[in-house]
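The following blocks contain the structures, represented as structure tokens.
One chain, chain A, links the two complexes that follow: it is found with chain B in the first and with chain C in the second.
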Partner chain A sequence: MMHLNNAHIFWALMQRNMLLLKKNFISKLLDGLFTSIAILVVAGYLLPLVGIPSYMIGPFFINIALNTLFSYGFAMAMNILKEIKNGGRIYYLLTLPVPKKWVLASYITNFALEVIIITVPLLLIGAFVLGDKLQIIQTNWLLLPIISMATIIFFGLFMLLIGIHYEQKWFFANIWPRRLSPMYSFGATFYMWKSLYAFAPTFALITLLNPLVYISEGLRKALIGGDRFLSGWLCCGVLFVWSLLACITLQYSLKKRMDPV
Partner chain B sequence: MHETILHKEYTFDQSLLRITSLNKIYKDKKREVHALDNVSLTIHKGEIFGLLGVNGAGKTTLSSILATLHPPTSGDALFNGTSIYDELYAYRNQLGFCPQYQNLDAQLTVEENLIFAGRYYLLPNETIKKRVDELIAQFDLERYRTFKIHQLSGGNKQRVLIARALIHQPQLIILDEPTVGLDPDIRRILWDIIKELKAAGITIILTTHYLDEAEYLSDRICILHKGRVRLIESLDTLKAQHERKKLEDIFLQLREGFDDASQ
Partner chain C sequence: MMKSLRVCAQFLYRDLYVFSSDILFYLSNYACIYPLCYMLTFAYLMPETVMANTEAKKLFVLTMLSGNLAFLMINMAWKLVSPLLYDMESGKVIQFQMMHLHPYAVLFEHVLFFTCFSFCFLAPFFAVGKIALGDLLDISHINWPALLLMTLLGCLFTITYCLCAVMIMKSSKQTGSFWVRFTIPLTIMGGFWVPWHTVNTLSPLLGRILLANPFVYATEGIRHAVTGSDTYFSIPLCATMLVIISLAFFTGACWFMRKKLDPVV
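Moving on to the complex of A and B:
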């Protein structure tokens, strides 16, 4: 009975999120379209124009899309940070008759919905317009939605975690240079992991601690296929473990942030 | 040393919330701060219980614990005889909390804020519609029904905040500094609303550092000082004991005693 009540309250929280999405739908869709067009121009025309080899266009297309995910995730992190700093909505939600993990889940699900609205047009239009330029060997249609969802869930958890964990002052001054920028740079975003391993195996192995490696490589493997990337299912498995760790840390960080004993 | 601590524990049958030996200790690398130090008190059904104290006295810590935002370091709070931690969600269903900072859903309208609050408490749709209409009328918010929260004045936001806390008809409502920063006329209007809530049988914990507010509204006063309960007394008794002085004078007089006792 209690679980049913929790699920109903979660559904009410989601109804609120969906109402806001409905109100802002055109704006969100435009965000997605603008992002898509920008990415398509860069990946489809500018990169080949400046001499990037054609086999890199597909991986770069994924990377630029990931960059967009970073931006939206960061916006969510800032929102939750502001809510905590200013005694905002989350303080109300945490007094509702529902465990706090359901409240956190509503934030992550909302993030997932927004990201899907933005990225689905990107992927559909991208695949249609870029076509052969992506040099797709074999898209894995089973892996693609699974790794995409795993990516979105991990990003949702991770961004919520950093928004809750860090103090506002430190967050704004240091989060990009000290956390996000190194994570992004060494996340196999500008190169393929196997290529790095061929030249610097020790360093490549160290970068396996970075969850972004599995996101970049997993999405490439699912969309493009071939043997240039890490195993997609391995990436899914590791992302699952990272998400689990983020989930545990998130609950601990929230407790500590709300109650700094 | 003469210690001016008056602490009378009431044992009415009509107690709604009984707090026993509540402690809250914040620790950092250098020191421990006892935000609440062995706080015990009882809140009776239908009363307005004024929690008074200077900044840092522990008022907001106590109200946050009672709102179940933070757990205490030790001690317990019994709601209708059951620990709030044993029946956490049942307790939250009977509680309305208005925090010091307005935490309304800024992107929604007044009406939507109330509707979703009703849904979060799993009220049936017809009940929500009825309650929203009642609350909008009671708090004189009809013309702001479709306004977004950011379009409202501070006083109207505060009304919506209290209305939202009442949507599920709780037995207990915690008002943490409900009129801070508001104009005097708006404060008066909110005071009348709080009086109406009491008349409707709702128990109210009122945290404030405005002594005129506490004097106008409270049935009993609890003074917290440095995390300790220094006095719990009905306003009438307190005034009789201090020859009908204003609460402000009584508070200042007592506070000197507390400071002496602490040294």
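Moving on to the complex of A and C:
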């Protein structure tokens, strides 16, 4: 009965989120569109002209999804940070008669909806425009939705975590240079992990601590296929572990934030 | 006139005092962490793991680092200028400053200070690169005075660009859209990855359109200064364009600020 009640409140929150998304759909789509076009042109047409091999077009193309994840995820982190700082919506949500994990789940589900609705059309259009240039070997249609969901859930949890965990001043000053930028730079986004391992094995092993490596490689493996990337199922498993860790830390951080004593 | 100059100098001194407490932060983030991240990724790991041709690799490293420097400029410019947006929303320091100095002069003072401040942290970018990358980075062709000039003008352009954006924005909620709809696409298409002549080879039409992108002049100028190659736009052309564009953005910032202060105008 209690679970049913929780689900009912959760559904009401989701309805509200969907209404908001419907209202802001065009604006959100535009947010993702311009950067995606720029990445598409550069990855698909310009980089091969400066000596980047054509087989890298596909792996770079995945950066469209990563860019959207970072962009919407960062917006969510900023929102939650402001809500906590200015006594906004989250305080109201936490007074609802549901456990707080349901409230956090509503944020993540909202993020997942946004990302799916915006990114899927962008990726499909991008793939259509690039066509054979992507050099797809074999798309794994079973792995693709699973790794995509694992990616979105991890990203949602991670961005929520950084929005709740860090103080506003530190967040604005340091979150990009000290957390997100190194994560993005060393997350196998601009090269493939196996190539890095062949070139610098120790450093490659260290980068395995970065969850973005599994996201980049997993999405590539699922979409492009072949043996150039890490195993997709391994990526799913590791992302699951990272999500679990993020979930535990998130609950702890929220508790600490709300009651510093 | 003398009084205004004196007040302007006092505001400059105030800014210096305020920002001096954050020097370590700027030094670590913009002169160490960001450059090292970019250099390791784009100038070391990416070319070493992806490219085979040694000559192409060398050129790619310089091309990428020039793009990275331009991206750092806009990044730091936004970091410095964006607090003005919050300040204008809540009417704190900037309102006080405008009571003592002409609003345009207040903006000019900010441009002057922020340009010099960001230049100090970004000027050693290639020196840091040489220390980090060693022989992988060929700096034998760098024209240092030209590179410093381009860095200074690049800082000036990015500061005025951000200032103009801050004055156009109605609230701080628009900052995310400003980045993903304008700044990042302009930077990516403005030579962050690929020089202008490469784009022009692929599509002369796109090349001509990109001439309207001010970031192109920043990246091309840096590339010319770094490689000494004539395939990039000449330094005088880039310098002139950057000054004109900065003036245009500054004028735009003044105009939009006037509208913001008095919506009837």
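Everything that follows uses one rule, which is that the second predicted complex is superposed on the first by the 253 of 261 C-alpha atoms of A that agree within 3 Å, B and C clash if a C-alpha of one lies under 4 Å from a C-alpha of the other, contacts with A are read in each partner's own complex, and residues count from 1 in each chain.
Methods note: a residue touches a chain if its C-beta (ideal position, glycine included) is under 8 Å from a C-beta of that chain, and two chains touch if they have at least 3 such contacts.
None of the values given here were measured: they were computed from a predicted structure.
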item: Side-by-side fit of chain B and chain C on chain A, or clash; value: fit
item: Partner chain(s) touched by A:45 [first = chain B, second = chain C, both, neither]; value: second
item: Chain touching more of chain A, residue-wise (chain B, chain C); value: C
item: Contacts of A:96 with chain B and chain C, given as first, second, both or neither; value: first
item: Which of chain B and chain C A:136 touches, first, second, both or neither; value: neither
item: Partner chain in contact with A:8 - chain B first, chain C second, else both or neither; value: first
item: Which of chain B and chain C A:20 touches, first, second, both or neither; value: first
item: Contacts of A:127 with chain B and chain C, given as first, second, both or neither; value: neither
item: Chain C versus chain B - closest C-alpha approach in the superposed model, Å; value: 12
item: Residue numbers on chain B that touch chain A, as the complex places them; value: 24-27, 67-71, 73, 88-90, 92-93, 95, 97, 99-101, 103-108, 112, 116, 119-122, 164
item: For the chain A and chain B complex, residues of the former touching the latter; value: 2, 5, 8-9, 12-13, 15-16, 19-20, 23, 83, 86-98, 258-261
item: Touching residues on chain A, where the partner in the complex is chain C; value: 27, 30-32, 34-35, 37-39, 41-42, 45-47, 49-53, 56, 71, 74-75, 78, 173-174, 176-178, 181-182, 185-186, 190-192, 195-196, 198-200
item: Chain A partner contacts - residues on chain C that touch it in the complex; value: 22, 25, 29-30, 33-34, 37-38, 40-42, 45-46, 48-53, 56-57, 59-60, 63, 75, 79, 176-177, 180-182, 184-185, 188-189, 193-195, 198-199, 201-202, 206
